[in-house]
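Some structures are shown below for you to check.
Common to both upcoming complexes is chain A, partnered first by chain B, then by chain C.
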Partner chain A sequence: MKPQSSWAFNIDGAALFYAFSQQLLITFNFVENTIILAAVYGPKAISGRKENPECAIVEVIWKPKTGIAGSNEREAEFIVKRTLEHIILTAMHPNTAISVIIQVVNDDGGALACAMNAACAALVDAGVPLSGLIAAVTCAVDKEGMVFLDPMKKEEKDFRGHACLVFPGRPLAATSAASLAIDNEPIEHGIVSSVTKGALSADDYLNCLERGRAASAKIAEFARSSLERAQRGVEMVVAS
Partner chain B sequence: MAKLEHGSDDREDVELEAFRRLYPSEFLQQFLKEGVRPDGRPLGRARSTVLSVGSLPHAEGSAMVKLGNTTMLAGVKLEVMPSPVDSPDEGRIAVEFQMPAICSPLVRPGRQSELEPVIAEQIKNALTSTMMVDLRELIIAPGKAAWMAYLDVYCLDADGSLLDAALLAAAAALADVKLPEIAITDDGKVFPANVVTEKAQTLKGKRLKLGKIPMALTCALHPKHILPDPTAEEEGILKTTITVLTDFSGQLVSLYKPGGEVLASTSIVQSCIALAKYRGKELQKIFTEAIMKADSDDTMDAD
Partner chain C sequence: MEMETRDNDVKRSSGQLESSPYINKIVAPGDIVLDLGQLSIPTLRLGGGLRQDQDLVIATKAGRLKFIKPNKVWVEGSQKRYIPSLDDVVIGLVVDRRSESFTVDIGGPVYASLSIFLFEGATRRNIPNLQAGSVLYMRVVKAHRDMTPEVSCVDAMGKASGFGQLKDGFVFQCSTGLARALLSRPTCPVLEALGKGLSFEIAVGVNGRVWVNGDSVSTIILVSNAIMNAEFLSAAQQQLMVQKLLQRVQ
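Entry: the complex of A and B
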């Protein structure tokens, strides 16, 4: 797993930005990395046919580093949107829209997973009511069936395929965790989203699931601790 | 008396329709409790599937799929292009998926449905991952000319499980492709074979050699049941789907779950894969029969 970093900064009071980067440290220097910027606007008023009287609608706009968005980006928008709808309590803000803008600053593999982590953190920072956090991770499988976490772009052609898996974060609740289990598995082992590219056999996929779950626990822990740190920073500024 | 009974029947129909619209999830629940689906099939069964190959006369390969009410039409159009610079010994396949407004009440005229790029990308991924068509098959003369295949899939009626139907239509249309007979000169100019030119070498028309053929099975997840091949109504109510892409031999290619309300556990994933394997056998039979029928029609026409 590459070392990760995340930071939040606030512009104009209304627009909240969050950047989440996964960086690879190779002995001497930071070499390549994936950096995604996620911004959340809303809940804001909308009009027209998009408006839903029962829940807020979520819209995701994926901006590539260069050029205009193609069908690849549109597919990414769809999957990010469906994933975020899983955690956003949309029924709390009917007749509104929550827009999430994903800007790719640098893509060195695993951009989709990175974007979902960034979007989740940005939603927390924007104060949008959520049912929980998510942790996304990319797993790649090489020709021998070995699973690699978080592949880099230049490694991608050596792999048979890769999977982007999204798991729910472990809930910090007063109720016992056992009551939240699905099929005798803890809730954080359930799959929220799964997108695979390339050919993965059933065994490969189940291996990816197992490794992905272990990694997602780390990511969830990291996301929670950095969000808490960011929150404390805000509180200190407000107090002074 | 009979008239009175008829009247009460009508009222019951209206009440049923009202219940269906006002309490969709309770409506579905009532059926699932009895072990049937709203359209009358058992829980674990896919809808009846009809595949006809070679229905479009002006396309090099075409196929029409009916999966219950879901209808897809796929066609392949070939064009000669100069060999791509980055891969001189390969042709290209461009996949396009279209959902016109006539296919569903949810699609508005003039607006692209958000599903269009998703399904196009999934078809592309399935075709490249299984290597169904070796792109080297599409070469005319290495470094000079190659075939560009435009694979267009049109949705005529969107009633759920769109990817399943679209992928079946796309695969059958590609299997139906027959490269036309052509003549090529030494400097890479390509003519139809009936245009007589000097120093041109004639290449025989041929069918594409096919690798593994991909198929998809969409399953809607209910907290207690897995419903393969959901209709648009079931997809709308349950909101959670998993699409398993395999080839006909049952080898997993990809597993696609775009969010949704229900989390998938390992056992759900495994049951979905098992359902897809079973469905693969059914589809393989339908697929080979349709291709054979198209072939025999061709030879009859030739006679």
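Entry: the complex of A and C
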């Protein structure tokens, strides 16, 4: 496993920018040299066939850095969409669409996890109602069975396989943790999405899960402190 | 009366709203902010940004958890997008005219509908003459997630009370947090400072729209810019900014 300091700087910063057009929110998420921009539009009205009278439609568009979007991008869009549908409370806005646009500014490995984190922060800033936050990490396993977090593209060749794991964020709770457990397992043991590539043995995968879960706690903490800073900034205007 | 720690040891809470651990703190979506089993209040009114899951009250938006005695609690955050809710006062633009109603853009997910009879003194013969692009000051009378929102230019008694068309002037957009700050009491520092040096008229809609009118175009531009720039500044910084702007003009 990489030493602590090396993955600590994987998140250099997440900046929340209020952009100029209506209902747009942009978030940067830095993971080493992977930079992803996520923008959220909505809830907004959509026409005719696509609208669902019971809930909002979540649309994800993945724009690669160069070239046109192909089947890899479609796959990524689908995975991000399914993950976000888990956290967005779509029943609160029927007959509308919530669009998430993921623009890859630079991809040096771990883009999917980075995009999930960026999309989640963008949704929070846009005020879309959510049932919780998510924290995503990429774990890779090398030939010796060692687990690495946030691998870079050039390192990926040496790895047997890698997994993008999305964990639920850690909520603050005014009630005791015991009452929140599902089937006697604490909610921290949950997982939202898991995408694996390559050949991983069952043990490798379980190791990844363990390391990834620990790393996701740091990401969740960071997301929460950025969110607090953004809300506090807005409140400066109020006189009292 | 605020809880001093964020421990899960809620037995210390006295059962009142003020002593809940997350009141007046910034919460994130998914945070379980209240446990109804621990509160001794018979009924609790949940405002925006909160939902109930059996005995737990969970936040759905990021913002500060606020409360009013005895039993109203909500999450206050700032967004660019406005979601219509009942009794809000909004500024809208007329988009279209249909036989019995106007279609108005209030900045929400869908356009709102304004019946032609909801103006003071309106009858079938005396329909208000509003063209596309007219600016109106209205209140929301129906806002449900499954239906088109409806607005009105009269109060509950049928009188205009300040609602209706806003003539001349300039409309710009801001976030919902800034709009609420402009409407708060005591007066927002930026408005107070501008009022000392200039004379202008202003109307603020909680949908994040502000209408400004003044004697000259330069006054209107100055006021609009000052308000837009005031969003992330503290009270002292706002006053300083307004002073600098006024000096440049005079």
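Simple rule for what comes next: the second predicted complex is superposed on the first by the 202 of 240 C-alpha atoms of A that agree within 3 Å, B and C clash if a C-alpha of one lies under 4 Å from a C-alpha of the other, contacts with A are read in each partner's own complex, and residues count from 1 in each chain.
In this section, a residue touches a chain if its C-beta (ideal position, glycine included) is under 8 Å from a C-beta of that chain, and two chains touch if they have at least 3 such contacts.
Here the structure is a predicted model, which is why all the values come from computation and not from measurement.
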Checklist entry - Taking chain A as the common reference for superposition, should the pair chain B and chain C be classed as clashing or as fitting? => result fit
Item to check | Angle at chain A between chain B and chain C, C-alpha centres, nearest 10 degrees | outcome: 130
Item to check | Partner chain in contact with A:105 - chain B first, chain C second, else both or neither | outcome: neither
Checklist entry - After superposition on the shared chain, which partner residues are touched by A:192: those of chain B (first), chain C (second), both, or neither? => result first
Item to check | Touched partner set for A:217, first chain B, second chain C, both or neither | outcome: neither
Next on the checklist: Contact-wise, after the overlay, does A:149 reach chain B, chain C, both or neither (first, second, both, neither)?
Outcome noted: neither
Checklist entry - So after superposition, what is the minimum Cα distance from chain B to chain C, given in Å? => result 15
Checklist entry - What part of chain A is shared between its chain B contacts and its chain C contacts? => result 168
Item to check | For the chain C and chain A complex, residues of the former touching the latter | outcome: 6, 8, 10, 20-22, 26-35, 37-38, 49, 51, 55-56, 58, 60-64, 77-81, 83, 107, 109-111, 145-146, 173, 175, 177-178, 180-181, 184, 186-190, 230-235, 238
Checklist entry - Tell me, which parts of chain A touch chain B in their complex? => result 49, 70-72, 74-75, 77-79, 81-86, 161, 163, 166, 168, 182-183, 185, 187, 189-202, 204-206, 209
Checklist entry - What residues of chain B sit close enough to touch chain A in their complex? => result 108, 114-118, 120-122, 125, 129-130, 242, 251-261, 263-270, 273
Item to check | Of all residues in chain A, those that touch chain C in their complex | outcome: 18, 22-25, 42-45, 53, 87, 89, 92-96, 124-127, 129-133, 168-169, 171-177, 180, 223-224, 227-228, 230-240
